[in-house]
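What follows is a set of structures for review.
Here come two complexes built around chain A, the first alongside chain B, the second alongside chain C.
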Partner chain A sequence: MKSLHILLCCFLFSALMNGQEKFLTKQGFTSFFSSSPVEDIKADNNQVLSIIDTSTGAIAISILMKSFMFEKSLMQEHFNENYVESDKYPKAIFKGQIANFKNLGNDEQLVSIHGDITIHGVTKKIETQAKIVRTEENISLTGTFPITVADFKIKIPSVVINNIAETVAVTFELDHTPYKK
Partner chain B sequence: MKNFLIVFAVLAISSPSFSQDLLDILEEETPKTKEYVSSTFKGTRILNGHSIENRKKGILEFVISHRFGRVNLGADELYGLDQSNIRFAFEYGLSDNLMVGIGRSSFEKTYDSFFKYKLLKQSTDKNSFPFAISLFGSAAYRSIDDFEPGNEPSFNERLSYTTQVLIARKFSPGFSLQITPSYIHRNSVKINEDPHGIFAIGIGSRVKLTQRISINGEYHYTVNPLESIDATNSLAFGVDIETGGHVFQIILSNSITMIEKSFITESTDDFFEGDVHLGFNISRAFQFGKHKKKKLKEKEEEDKKSNN
Partner chain C sequence: MTRRARIKIIISILIIVLVGTLISMSLYNKPHTDVAKSSPNISLASKTLLDDFENDENLANSKYLEQIIQVSGTISELSVSKGKGIVTLGNKDSFGNIMCHLSAKENEKMTALEKGQSITIKGICTGYLMDVILVKCVIINQQ
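Right, the complex of A and B next:
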């Protein structure tokens, strides 16, 4: 009988872990910015999916490459067709861990996030700092980190080499709300 | 001990291997939207004729095309390079689906104007449609004064029209195919035996070699050709090279003109006899307005409003 109680508790506990303790956003924001002597290029994506498991501090982010909006539609076409090859690699994925997540207070603070980022089929380890605000109903993450284009085997032809920066700044703003199935 | 084992087993089963699980949830939560296939062809032309590609809203493209003389004219004519036909044109995207253009060809001093409208787009996922269909219409005005004295053609008599339905499919990122039924109408003809209306069917394809280079082919079969000339079907092979805002096409063709009514019905050279013309199309695109950005901002503002 006692073992049954424990079993029941375990089920409850794990159900809680799976159901209530995940925070999700479907309208996260990510942008990247490339600054070169010739021109500045910026693209925004308002359809980023991100999920945090609050029991572990694990985080996963999925970004559809075709949802990046550019100022110039030709740039957008080139971005998808020539640089990130969105037909072959439709998504950028991040899979990682927010350090020290359980001990977070309610006020804004800096956390370190580390994990694997996959862009253009190439996976790299990455570590960055982000601002986090955690309340009962919301977990917001904002931050910025650099990405070196060549690391992800994205080739830039010599004709436009002066138009595109070697390192682009990626900004993210992810406002998670509790996820219910 | 037994209890402990059971508890452990239950925990092991129910506690998720989280990061993979999280990605699975994201996959489930990804909205299933219709996605349109892009870049079936790189340029607005396959080689001679139009492809289903339009320029997007606000993009003005300046297109310069050349077709030189026959390569088999020999060294004396520098393999045809001494002779040249040129067409230059301004082509503009009124909306993402409607494109218009005006051009001038040196051949018979012809002015032309056209529109191209995307009727249906090839899409994937939800309610997908397997083809892209565009409508194309053009009018050409032949302004050369080569008439007999006292026999000057009227404005109407100098006009001819082309109507095309462009049906294309991108089978894979590396291979696209287009079928182009055409109807060409001439207001005036040289001899009575010449048909006023000519039907033709074209086929064109693109095979991608690298990210920026593709090989294209295009052929137009004329059902009822002109009788006053020894008309041949238009055939062309070429290479697309794309750099930044340019698309550069190098072409080998038996046609010397660059507008539909001409190259489909008025080609007289035989490709396989060596009557081949070297040619190229160059385009440079300029963007007017920043509509994508604007849309985004408007959307953001709407979102803000709806949130308040």
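Right, the complex of A and C next:
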């Protein structure tokens, strides 16, 4: 976890050094949706930090777990205290690569993104498809991918096992702009 | 057992079930913290808050996360994302800032704000990325 933070910090500072080549957003959106016969649970996060290095197509995303907003405050409490233990693991992190980034045209197209995602202190390899639109002033990425709760050692108590889906859908909308200081 | 005693037992069971249901319903529907009506747990200058996170993030997390924080500083940036206002407190020289995501009710006050203005904002701290992030923010006063 700590080395990941250091890596991310290095990435951020290298982003500062040559500002021209970095695109970033501090107000990225991500949400997850769990659908079960008992209830649907949804949480939104509008404070996602995402940085793309346009010279390589590398992407780094940081998410604060406590920034997920639920409809019911009790759900939010359970999510933070019991499931993702956000006091112990305050962030989710993705570090990866957008495939074939250099050859992207200006039109909307599908790209494959692969890398490592860390949630609840557990790191997994992940690959997903995303819609990308790249222009001079903007890189937007949108997509959705499934996450299996058990993969990240998140324990769901048997009392509420029917309320929470085993696999939740994660959606993201990241609208990067050139980094200027 | 007499009939009377039996009715008494049934009624008391019903009452217990009813009270139990009401309590669990009110727990389930417990409202979110109303930042506007709550008094802040911590009041400080935006620079102090940022310094604390930059110096020792873990310590700052344990001190500030999920707390209602009232922070005073200078507006360095105003932006709108998905119809929601964001007030950034800081100065041009610093790398990090305090990003205050306004609550839906506070959006209309955005138009009265301008860069360079001193302001006091109250919100809930969710952590530190490049900036310290406060959500559900309410504007206390502006000068």
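We adopt the following convention: the second predicted complex is superposed on the first by the 163 of 181 C-alpha atoms of A that agree within 3 Å, B and C clash if a C-alpha of one lies under 4 Å from a C-alpha of the other, contacts with A are read in each partner's own complex, and residues count from 1 in each chain.
Following the convention adopted for this analysis, contacts are C-beta pairs under 8 Å (C-beta built on N, C-alpha and C of every residue); 3 or more make two chains touch, one makes a residue touch a chain.
Fair warning: this is a prediction, and the values are worked out from it, not measured in the lab.
Participant: So, on chain A, is it clash or fit between chain B and chain C?
Facilitator: Here chain B and chain C cannot both sit on chain A without a clash.
Participant: Is A:159 touching anything from chain B or chain C once the two structures are fitted on A? First, second, both or neither.
Facilitator: Touch partner of A:159: chain B, not chain C.
Participant: With both complexes overlaid on chain A, does A:82 touch chain B (first), chain C (second), both or neither?
Facilitator: After superposition on chain A, A:82 lies in contact with chain B alone.
Participant: Give one of first, second, both or neither to describe whether A:95 is in contact with chain B, with chain C, with both, or with none.
Facilitator: first
Participant: Go through the superposed model and pick first if A:127 touches only chain B, second if only chain C, both, or neither.
Facilitator: Neither: A:127 stays clear of chain B and chain C.
Participant: Could you say whether A:22 touches chain B, chain C, both of them, or neither, answering first, second, both or neither?
Facilitator: In the superposition, A:22 touches chain B alone.
Participant: Thinking of the overlay built on chain A, is A:108 touched by chain B (first), by chain C (second), by both, or by neither?
Facilitator: A:108 sits against neither chain B nor chain C.
Participant: Quick check for you: in the superposed arrangement, does A:49 touch first (chain B), second (chain C), both or neither?
Facilitator: A:49 sits against chain B and chain C alike.
Participant: Quick one: from 24-32, 78-86 or 204-212, give me the piece of chain B that collides with chain C in the overlay.
Facilitator: 24-32
Participant: Both chain B and chain C contact which residues of chain A?
Facilitator: Looking at chain A, the two contact sets intersect at 26, 46-47, 49, 62, 64, 66, 69, 72-74, 76, 80, 87.
Participant: Which residues of chain A touch chain B in their complex?
Facilitator: 2-3, 6-7, 10-11, 14-15, 17-18, 22, 24, 26, 44, 46-47, 49-51, 53, 56, 58-62, 64, 66, 69-74, 76-78, 80-82, 85, 87-88, 93, 95-96, 155, 157, 159-160, 163, 179
Participant: Quick one: which bits of chain A touch chain C in the complex? Just the residue numbers, please.
Facilitator: Touching chain C: residues 5, 12, 16, 26-27, 29, 46-47, 49, 62, 64-67, 69, 72-74, 76, 80, 86-87, 90-91 of chain A.
Participant: Using the touch rule from the top, collect the residues of chain B that touch chain A in their complex.
Facilitator: Its residues touching chain A are 2-3, 6-7, 10-11, 14-16, 18-19, 21-23, 25-27, 29-31, 35, 38-39, 56-59, 173, 211-212, 242-245, 285, 287, 290-293, 295-296, 299-300.
Participant: Within their complex, state which residues of chain C touch chain A.
Facilitator: My answer: residues 27-33, 57, 61-62, 65-66, 79, 81-82, 84, 86, 95, 99, 101, 126-127, 129-131, 133, 135.
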